[in-house]
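Across the two complexes that follow, chain A remains constant while its partner is chain B and subsequently chain C.
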Partner chain A sequence: MIPADILRIVAVGELLLAVALGVTLLIAASWRARSDRRQRADMARGRPIMIATVARDLTASEVAALERLGRRTQVRLLAEIAPSLSGERRARLGAVAVRLGIARSAESACRSRRWWRRLQGARLLTLIGAGDEVMPALLGDGHPLVRAQAAEWASDHPTAATLRLLVALLDDPHRIARFAVQDTLLRVGHPAIGVLAEGLLRMSARGIEAGLAVASRVVDPRLIPIAAALAEHDLGDVRAAAARALGAQGGEVAVQVLTRLIEDEDPRVRAAAAASLGRLEHWPSATRLLPLLSDPSWSVRRESALALRAMGAPGAVILRTALTGEDRFAADIAAQALALRLGPA
Partner chain B sequence: MTGRELAAELAALWTQHHADTDSRLAAIDAAAAALLAGGLDAARRESARVAAHKLTGALGTYGMAEGSRLAMELEDLLRAAEAPPVLRVAEIATRLREIVASGPPGATSGVTEPRLDVAFATAPGPGTRAVVEAAERAGIACAVLASPDELERHLASAGRARLVVADTAMARWEDLLAGLAMRQPAVPTVVLAARDALPDRALMSRLGARRAIPRDLPPDAVAAALREVLAEIEMGEPRILAVDDDPLMLSALTRVLAANGIQATTAPDATRFWAMLEQVAPDALVLDVEMPGIDGIDLCRALRAHLRWGHLPVLFLTSLADAEVERRAFAAGADDYLRKPISADDLASRIRNRLLRAGRLRDGSRRAGRAAPAAREAATTVDVAMIDDDPTLTALVSHALGTRGLTSRIFGDATSALASLAPAGDLGARVLLLDVDLPDLDGLAVLRRLAESGVTSMTRTIMLTVRASEREILEALELGAVDHVAKPFSVPILMQRIRLALIR
Partner chain C sequence: MTAELVRIVLGQLDVAILSYFLIVNSFYAALLASASVELWTHARRVRGESRWRVLGSDVAPTITVLSPAYNEAMTIAASVAALMRLRYANLEVIVINDGSKDQTFEVLRDRFALEPVHPIFDRRLPTAPIRAIYRSRLDSGLLVIDKDNGGKADSLNAGLDLAAGDLVCAIDADTLIEPDALQRMVRPFLLSDGVLAAGGTIRVVNDCLVEGGRVTRVRLPGRLLPALQVIEYLRAFLFGRLGWNRFGGNLIISGAFGLFRRDAVIEAGGYTGESVGEDMELVVRLRRRGRETGTAHQVDFIPDPVAWTEVPESRRVLGRQRDRWHRGLADTLWRHRALFLRPRYGALGLVGYPYFVLVELLAPVIEALGIVGLIAGLAIGAVDVTFALLFFLVAYGYGLLLTYATLLLEELSYHRYSGGREMLRLLLVATIETFGYRQLTVLWRLRGLVAFVRGRRAWGAMERRGFRAG
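Entry: the complex of A and B
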């Protein structure tokens, strides 16, 4: 049994601790409120100066006023204004950030051993468009979030070297990094296609799929032979991705390959090939899609019906032919496609 | 029948015959699919062409002009020697489906306004009320319209009455009757008059009133008289016999013509044609050109050789836009050649005009003489007299006139013609075709003499000559000629000029 004195001492101690905690919380809240008020005031003072940056050169007194704001407020102002700017105005903002020493400290953060500090630095450099010396190296960073951030930075810095690194990153084991690279390559567009076309044939299936996903969103004839070659790949997923890429390109070769792929053994490939023929609105292939309306795979039937719908009048004729045919699965999917066609938008 | 009623009837018919249309669209689809597959055989192509041909007429008649135009284009594509353009055929097939799916214009409204039998243009009062009640007991739907303005609004409405009863007690009833007689189509009228107003009957008759009913007759007797007039109106409608292998077309034709006061009896083929002629005793024939077995042109030729029915006006109603077919039709004795699609009003007007020219459109009592064969050769008045010394030309014109149901008399010289056409002569002519270079007398001199004797006031003269100088044309026109046709001429054009002269 615990003696009463000890219990009394513990109770008093707990009471003192509670009082001390309360006082601490009050002081912290007060300090936080005061700090917020000060920062709001700083932001209000700095915002017009920062906005003026994009239109004209700052005077010495304005630069001094910005320097007095403190790093945290400076970064917040940059983060607030930079996303709304591009091109020359964004560069002017970046120049101010360099002048204030923000770029230098961000580059320093990018060399940190801690991944979250590197991520912070990378984000800041992405924001102000600086960091040509340190950012390419981060494309090979050990942490996927940092690589993804570096890939985002690269969209505004599409040098040949950066693009090669980016294309290599399509093979990244982490989805977030691959996604960031795909997004960057799409934003870069045609300048990235040559490097992408070269890199596709040297990647693993995962990288090829990611690259072909990019290819399916960019129209460039340089991709046709690559996609046509990859349509012979052993893996169905790759052949399906190649079919989707060919559907974005068009042309005689693409149609020939797609016409062959609608008879592929893998239903995913057949579905993708049918969808691509529909995307190309290649109505001479309409009759070839008729048997696919009876395919055992629902996705193949669906994609074929939608493709026929996309082919316009010839596709509609084939759908109506299926409508009156003996295969009730084909008739059903044809009816759905025709209903979609005739129904309200 | 009002426009709304007609639209509703057409919509109902459209629904009834949807299976026919579907089968035609299926034939077109089959051809389009075969064309896409690169294997359109002759049988499938012909089947699609026939289907397109039928749709041309049917869709146009049902007010789907775009569909009719597309079907006609498709028919032309499928008839052409070269392979039809795949994409265009598919586009037409698909668009036709959409048009057919949307149905005829106005098909959404199934509500029809009931049509009245009689509108009384009279002041409301106990006497009027008693007559209206008696009429309604007799099954006659009535309305009382107290002023000409009300009547005008009523006649413009969907449920306008088939007969207007004008009360002579109303102010300016003469103007009312005259206005109703001049409407197109004319509105049948009867007059409610006091017994002591009998001297006015001549005026009433001139103003087109079918009957004058004493106002002091018992209401039931007035109602009975109105029923008689309504029955006459029903009987007075001209009849036509239409032969077409497209049931959709026939159904539409029946409704469209009924809406314009023409009774149409239809036959889907020519197998019972002669029996139906005897049974229906039509005033005119409407034939399709392309039909299974015997075609319309052969039928027309056979009809023209028939002793009893050879005079019947024949109108071809077809979607064929081939000048050669049209020429063959006229050569076979056609009176008119109408291309589908044709609007209901146009079709009815063309038939009515043809009936008028042929003298078949008469008042209600004409039925008694319907079956009597025409014997116009013996009449003292002919439709056309021709003075020309070229026997080849006169034979050609005479034949053309005869095949159109028009009577004619040919004169090879001016002397005999002047003797016959003079006021004291044995012949009257509604139109005179006059050559200038005649062996015995100059044509202009003939015209001058006819003008001096007052003949040109009753006979419309068309100058027919190789001379076409401005001076001669002007001189002829100044002497009273109404038209001038230069030789060589096109027979259809000459017939059209004659037709215009006849209706002036």
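Entry: the complex of A and C
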């Protein structure tokens, strides 16, 4: 049996620790509540001044009042107001941030050896729209979150050099960075497409897929020859992505490539090509989709049926043909598509 | 002679039980340390983050929220309204009415102007017959499946078949998700291609103020039983689950709020209706399958996406819930017993699985042995009252310290319960939880273990009070 003395010593030790923790908790909770109240009051004082900056120049006393709030409150105010501003009003807010020294300290943070300091700096510079000197270099940072943040910053600074760096980042091994680049390219829009079209053919499959995902969400004729060329790629994933991109563009070349891709050996490619023909509502292709209703792959049958449905009357005729045909699978998917067509959705 | 023998046995037993408590609580302390590091890293990662990119991006992963509902007429309208207000760009919500006997479907139909639709979808997971599928005229992102009763797993499988999202978020119908929770929850999937599933924090909504499907004021419940569960949930999520991120990943993602890769779940065969612990069983199966096939097998827990759930307020219902949880745990561990100490499964087989067997599953048995031994010792005079009290204090005192440390972690990170007075109440409740409530849960968990051995599979009904509106 354990000696009672040992138990007594341990119990007293635990009790003392519990009391110490309890007191610490009470002090921490009270201090935190007071600190929160103070922070709310500071925010209430600073908010009207910060809002005024977007309409007019601040007086010296107003700048002094903002300086007195402290860096944490200044940044919180900026974070609260900046996302709802753009253009000149955002630039005026940025100018105040520069005047308060926030931009300088953020730029300094961007040069830190610690990734989270660089991330904080990059986030602040994105918020205030500054950092032309330090941010492009962060597109090649060692940490994926910092690279992603730099890509986000680039959407407001789409210079030719930055766009080239961005497109190269589509090949990034980390999805977060690729996601940020895709999003930025979509936000920048047409100025980015030329650079994207140039860069796509020089990337690995991962980068090409990411780039084609962007291409499938914008309409730009410069993308057609690139997507058509990538429809010949060795990898099925890339050919499927090319089919989706072509479905966004349309035109004779796109349709020619898509009608070839519906006979591809990879079911994902066939499904994507059928879906793209449906997206283009290219009714002359309707008869070519009929054999796909009997495809061994369910997703190919589904996409073909939905494509035929999207093509209107010519597609409906093909679906009804399948409905009365001998192939049970084709009849089943056609019946579902026609029910969908007749349904109230 | 007999008394002497009992004395010797009890002497050995108290050393064994105290050693068990020491080892278990020390592992908890390690989890707490791991959770602290995780919180520190997480805070740095998200500080100053602007999530509007995910909110507004066309390329963000699409998410389908699956909300199975069975006799939820009282809370379903508020829950679904809150889901429709979630801030996420590519969102689809599927509510599955699992053959409710109350007015759940009628409430949904009237409140959201449902109309029948006939979508084409691949029925890869077998389910109970589907009566009809509806889409809301008010919001095309809301679909409702009306089906025969088949249980929660069956409902989730029906939703999985119909879902179009890259990711599926399984929730309970009585769960309120914070508006930006999905934006936070999607982070690990963007950070790593190896992430298979992610779980978020569940908090207790009882007595909190709910306005427009959102928790606008957090309060510690006035009644003792739900307040005790606040402490349990804080400990389970803030350090229990978070700490596992650095010990090879979680084995549990709460059924009330979890995000999964849809293709992985379907390829694994969806939820199993044969287990009452379908949420844990799925996570273990997904991780095991990932290891066996060399595909994604990472399961992350993220502390800041928060979902609020109503916890039982009566001892009877709570006892039934804990009994079921323990049966589910036992069932999952039994189904996947091949993982035990198998290096092939990495940390899952060498750390996670043995921990869940030796600590989570067997804890009530060991605790019961300790308590019964102490009472027996007192009855036959083998131990005196002072020794018994000291033994009890030492055994459970370590646990109390860990609970206080969890409260400190909460205060330093999210501090949802603000002010000195609320903290004082939390401290009191935490103390009661350690000395009284915890021993009660031992009984429920033991009952679950016995029921599992006997092969009982019933769920037991949950009684709802509804959310407290502002």
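The rule we apply is simple: the second predicted complex is superposed on the first by the 314 of 345 C-alpha atoms of A that agree within 3 Å, B and C clash if a C-alpha of one lies under 4 Å from a C-alpha of the other, contacts with A are read in each partner's own complex, and residues count from 1 in each chain.
Keep this in mind: contacts are C-beta pairs under 8 Å (C-beta built on N, C-alpha and C of every residue); 3 or more make two chains touch, one makes a residue touch a chain.
Worth saying up front: this structure is predicted, and the values here are computed from it rather than measured.
More residues of chain A are touched by C (comparison of chain B with chain C).
Once the two complexes are overlaid on the shared chain, A:287 sits against chain B while remaining clear of chain C.
Of the two partner chains placed by superposition, only chain C is touched by A:174; chain B is not.
Of the two partner chains, chain C is the only one that A:75 touches; chain B does not reach it.
Within chain A, the residues touching chain B in one complex and chain C in the other are 342.
Against chain C, the residues of chain A that register as touching in their complex are 1-2, 4, 7-8, 10-11, 14-15, 17-18, 21-22, 24-26, 28-30, 32-33, 36, 75, 79, 83, 116, 119-120, 123-124, 126-127, 144-145, 152, 174-176, 179-180, 182-183, 186, 213-214, 217, 298-299, 302, 305-306, 333, 336-337, 339-340, 342-345. Of all residues in chain A, only 283-284, 286-287, 312-314, 316-318, 320-321, 324, 342 touch chain B in the complex they form.
Taken together, the chain B residues at the contact with chain A in this complex read 26, 29-30, 32-33, 36-37, 86-87, 90-95, 97-98, 101. On the chain C side of its complex with chain A, the touching residues are 7, 10-11, 14-15, 18, 44-45, 47-50, 52-53, 57-60, 115-120, 122, 135, 189-193, 383, 386-387, 390-391, 393-394, 397-398, 400-401, 404-405, 407-408, 411-412, 415, 418-420, 422-424, 426-427.
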